[in-house]
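Here's a structure for you.
In this document, chain identifiers A, B, C, D, E and F correspond to the written order of the chains, with residue numbering beginning at 1 in each.
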């Protein structure tokens, strides 16, 4: 059994905080490795206030990077940046190859990324498609690393489960959660991470509130475990591959 | 945390063996309670050879009942029969009320039943709809038992997860499994249970082979757990409500 | 190989003409048996002009029956009426049992009926559900006829393919045709049958035109058979069970 | 053009407040007629605290009725109760006939009801199915009123659009909103109506917050109307029939 | 509130006439601005008769352009051509950037384009994907114009609603209309525009007839507005984002 | 009527054997032309054992090619290789143009390829998308061949039906078969072809068994043709365009 290793593929620098911060913090709090890969800084599409303030492209990228690093630290996660550009995030074989390298290095046992549909933001599905393609390629011993060398049997990866995290307008993205994650214990860390993104202060409350709503659903679907507290916090996910288990519960 | 208790709602006397025998045996082998409720004996729709042999309706029901009891014993499960008739299994409030009584008595922590679509056999979706309705009614303190008494707080049930087991022609039933259950250790018991149904001898091989195919998928989707043996056996399920968990894996 | 026998289950007295008249006429022109079963006369829901003219219920039923008999004769089909009432057409085990009797008598090799979704007319899906249930029950030797006798091996039916014919607003009924039937040669008979329904004269042109539109699609999808004439006429169907064939074409 | 008349078909006594209170209040504030029909009081399935407090069935029904009347008054709506029982709300032709009578009397130009899928509460889809069936039957001049008389041309209804209001766990109910209603101006009335239901105090905040979230989506999808205020409140709906319009906007 | 401005993104030179001519004419007749952008001339894939007549590629493009200009004039619309080539219309960032420029210049309040699925013509979904991507990018102040300059706050666009117009074989394109547009008053202009395309004379009748069929559906779904005339003409659309409104009707 | 000509577009060198070997052999046994086009050799993604054995890329390609040629010969089919590379199979206009050339040369009356969804292998949908695009382009007289010449009227193709063959995990690929092909007579050839792929010996039994399972479904859905033998073998397909026929059966 491989050591737990959580990999989060995030289109922009802030996405992983709002949508998967609880899962990341929970993994870190269990002592597991967590790694975030930001494909871009969200410098063009998700930094309107900084553009309005007259910042340059490079300044904006630096600001977003620093914020994301602080948030990852607050969650207890490593973070890397591929700087592929956003709006649009353009899919390419070069970008996928970089993700293959990351996966072979990180050896993820779980992968989180965006859902495949988002009519409000094309970068999100593009990130998901690249993450999914890289996950398949990284399994094959005949697929070279980006430096042209071939992987050893130890360097290829298994077939880690993939979970899509929640988009901003879930129903419009055909996001029907089939996993509700209890993040009550990890929520303080998620809150701390959100507060590392001062330009989006109105989102702090929005996502705290969302965690409460998903928490209500955690309790509603918790089966016979009636003892969950009123203040349960949750995050919603869609599992992309079937769950493998030896117990139905 | 409630004691584990598995409840299987089966339209006909044989269904639970072929489609969920592994899950039932696995629960029993873990020392958990398992209960099968057969809504009918399958006396009209799934007993063609006995009709051709000239048996009477009562004889056929007795034969099917004895076989099912033997199979349940082989799996390690309790079994009950509601004798509601088949082909068609007619939905009624009386039948649902009997299921409410069963559920309040058995206090299931997991419910298994048929999927909601089956263009080849209308009894299967009818059983599923009644099981789902009973599960919701059994949760309500204002819904009386079938004898007119009201349940106490202890007698109502929680919200146990529901899994649909595999139909005979899965794709035509819109059956897209999202849970693959490893039944390798329990398969010997499932085989013994199948052999309690001598009239359907050709099915023994068919469902052994199906377990092998689902076992291949267990291994393919097992993530980084690469060590699963070649002879892994599986059963496929569809989870009807979102999974609640505190760990993504 | 059984003799070809086409059975059409129609909710109201006129439905089979507009939606399946071409298929019926084509079968009759090949010398095959065709039988229409009208579950109701459409006396309440599809006879507004007669109600406005002050006719009584019995008068309206007689008018609709006579029209449907004339149309069936024009197509070359037998016709029967179960007089189950409409608006609503209420599903019942008695009604299904009558359909079982019809099917065992007619021994259909093909069944046509309404699609399962119609937000504009609940009688249509009700007819389809009963036809589908009867088709499954009629296959079982343990299911008695409505007079309480049991069928012989010869009296049960096989598993005839089922096709849903086109509803009035196809997209709203999730009607995605997967079979386009060339009815060019049979169209004159369909036209004659439509003209047996004088109260709905505006529909003659509407359904002639629809046949032309479906004919355009016949030609577009005809593969390499480029020689189809410009005036090709068509009807659209949805196949409910998979096609069985020994040649892909 | 008929006078505007809003009809809300609600399975239980409280549903219309939480899910459609804004739409009702907005109609009333425009001086339009609004009518709520409660099919049951929610006496068994949605009154757990009163059962735990030892109230009798009749007492609970009276409490729920009084609350609903107060809430309707706060919204500015008429209200009627059919007292059909809940958990389960059983579908019947008699119940549908009562709804036909209501519709012919109220002459709705818009109908609101529950969505057709709800795995958590079977009464909601049952209410929706009956509302939809009644709406079709009420259009037919050949369908008698429940007292056996036939309607005049003035008494039948047109084909009012139907909107499904938001269920408690929208994604699990396949609820993909295609209409976002701005209820900012009507929200104070909705709040007053919610406060007429003192036993569900925790819901006041829950649905205030939901209105805020849907308000964010109102603003996000408002096209070029950039001036909507930050505190925009919204309700989400699914339109069941296509919109008819003479302007695309 | 922005001035109404309708933008139509058409894969080939003729598409906008057949599928959206009524909407364009209606906007023009209300005195609103309408702009058509043809991504290609349809020179390879939709000009078979001209190829058979031995015309050169440049001749065909000139013919198609002249026809489209005449048709746009008949409708009362501006028209532009991006000349991106067809069969296939290849998606590229350069093409999307040109559409961003157009959108920032035209400031659309409504966008019309092809649906996202068309198994008969890949250029149509390609056009739709580019239109949707450009619409999102054009909203972002951090996305440069194609000349490298950055937009001002006035130059970015809002979030105009998007409507997909009807494809040639609607059901095969998963086209389920949720908006039916009454184009009765505008139909004479649409007819005049169709007649600007003499090489496709058989289409004139085909699309006149389609307008009649959609008109029947306009009347059927018009709710209580019973007074629509028999000769109502219509066009069908699919709204891609939720409608925002302050009145349900 | 064109001469029958079956074209199979296969992403990797082995796919056509396992998934469509029966259809190919059956066509060949009827004396019809069959042609397989392998887009790649499967050299990187489906040759793990050879990589582990230390073979070079060129050696692996040669091995896979020889195996595929032997298998095609056993089936009675021609075979060609485009050598486009795999893992990933990258879509390009150049690759599509090569397929256009093949199609114009082979004049297929039926096309088989992979389904459009496969979360386990992105090369399969990529092959399907290119095959579908090429099939549309090859119909257009204005689309040049890859050498820049234009096709004559005889060189363009019609609109051959397309069938998707079965993927490895059908339900996960949204593969709902609507055609079940009886390959009983052709199975011996398919078996011989499978045995040309010695490195995948465990697959021989797996796909023999699958043919048996699909054979059970052939018999179940065979309608009134009750005489099919117990050992019926089958292959499952999804028809992508509507079937055109002059007889419903």
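A few points about this structure:
The definition used in the following text is that a residue touches a chain if its C-beta (ideal position, glycine included) is under 8 Å from a C-beta of that chain, and two chains touch if they have at least 3 such contacts.
If you want to know which protein each chain is, UniProt gives these names: A, B, C, D, E, F = PIG-L family deacetylase.
Note that the coordinates shown come from a computational prediction; the quantities given were computed from them, not determined experimentally.
Touch-path distance (fewest steps) from chain D to chain F is 2.
By residue number, the contact pairs of C-F overlap by more than half with those of exactly one pair in C-E, D-E or A-E, and this pair is D-E. Between the CA-based centres of chain A and chain D the separation comes to 38 Å, rounded to the whole angstrom. Chain centres here are Cα averages; for chain B and chain C they lie 37 Å apart. Those residues of chain A in touch with two or more other chains are numbered 120, 172, 177, 217, 220, 236, 241-242. Chain contacts in this assembly follow no simple pattern; the graph is neither a line, a ring, a star nor complete. Residues of chain B touching chain A in their complex: 1-2, 4, 6, 23, 26, 30, 107, 109-110, 112, 157-161, 163, 177-182, 217-218, 220-227, 236-237, 239, 241-249. Residue ranges of chain C in contact with chain B, taken from their complex: 93, 96, 132-133, 136-137, 140-143, 150, 153, 240-242. On the chain A side of its complex with chain E, the touching residues are 43-45, 47-48, 51-52, 57, 60, 87-88, 90, 119-122, 172. Put simply, chain A touches chain D in their complex at residues 120, 169-172, 174-177, 206, 209-210, 213, 216-217, 220, 236.
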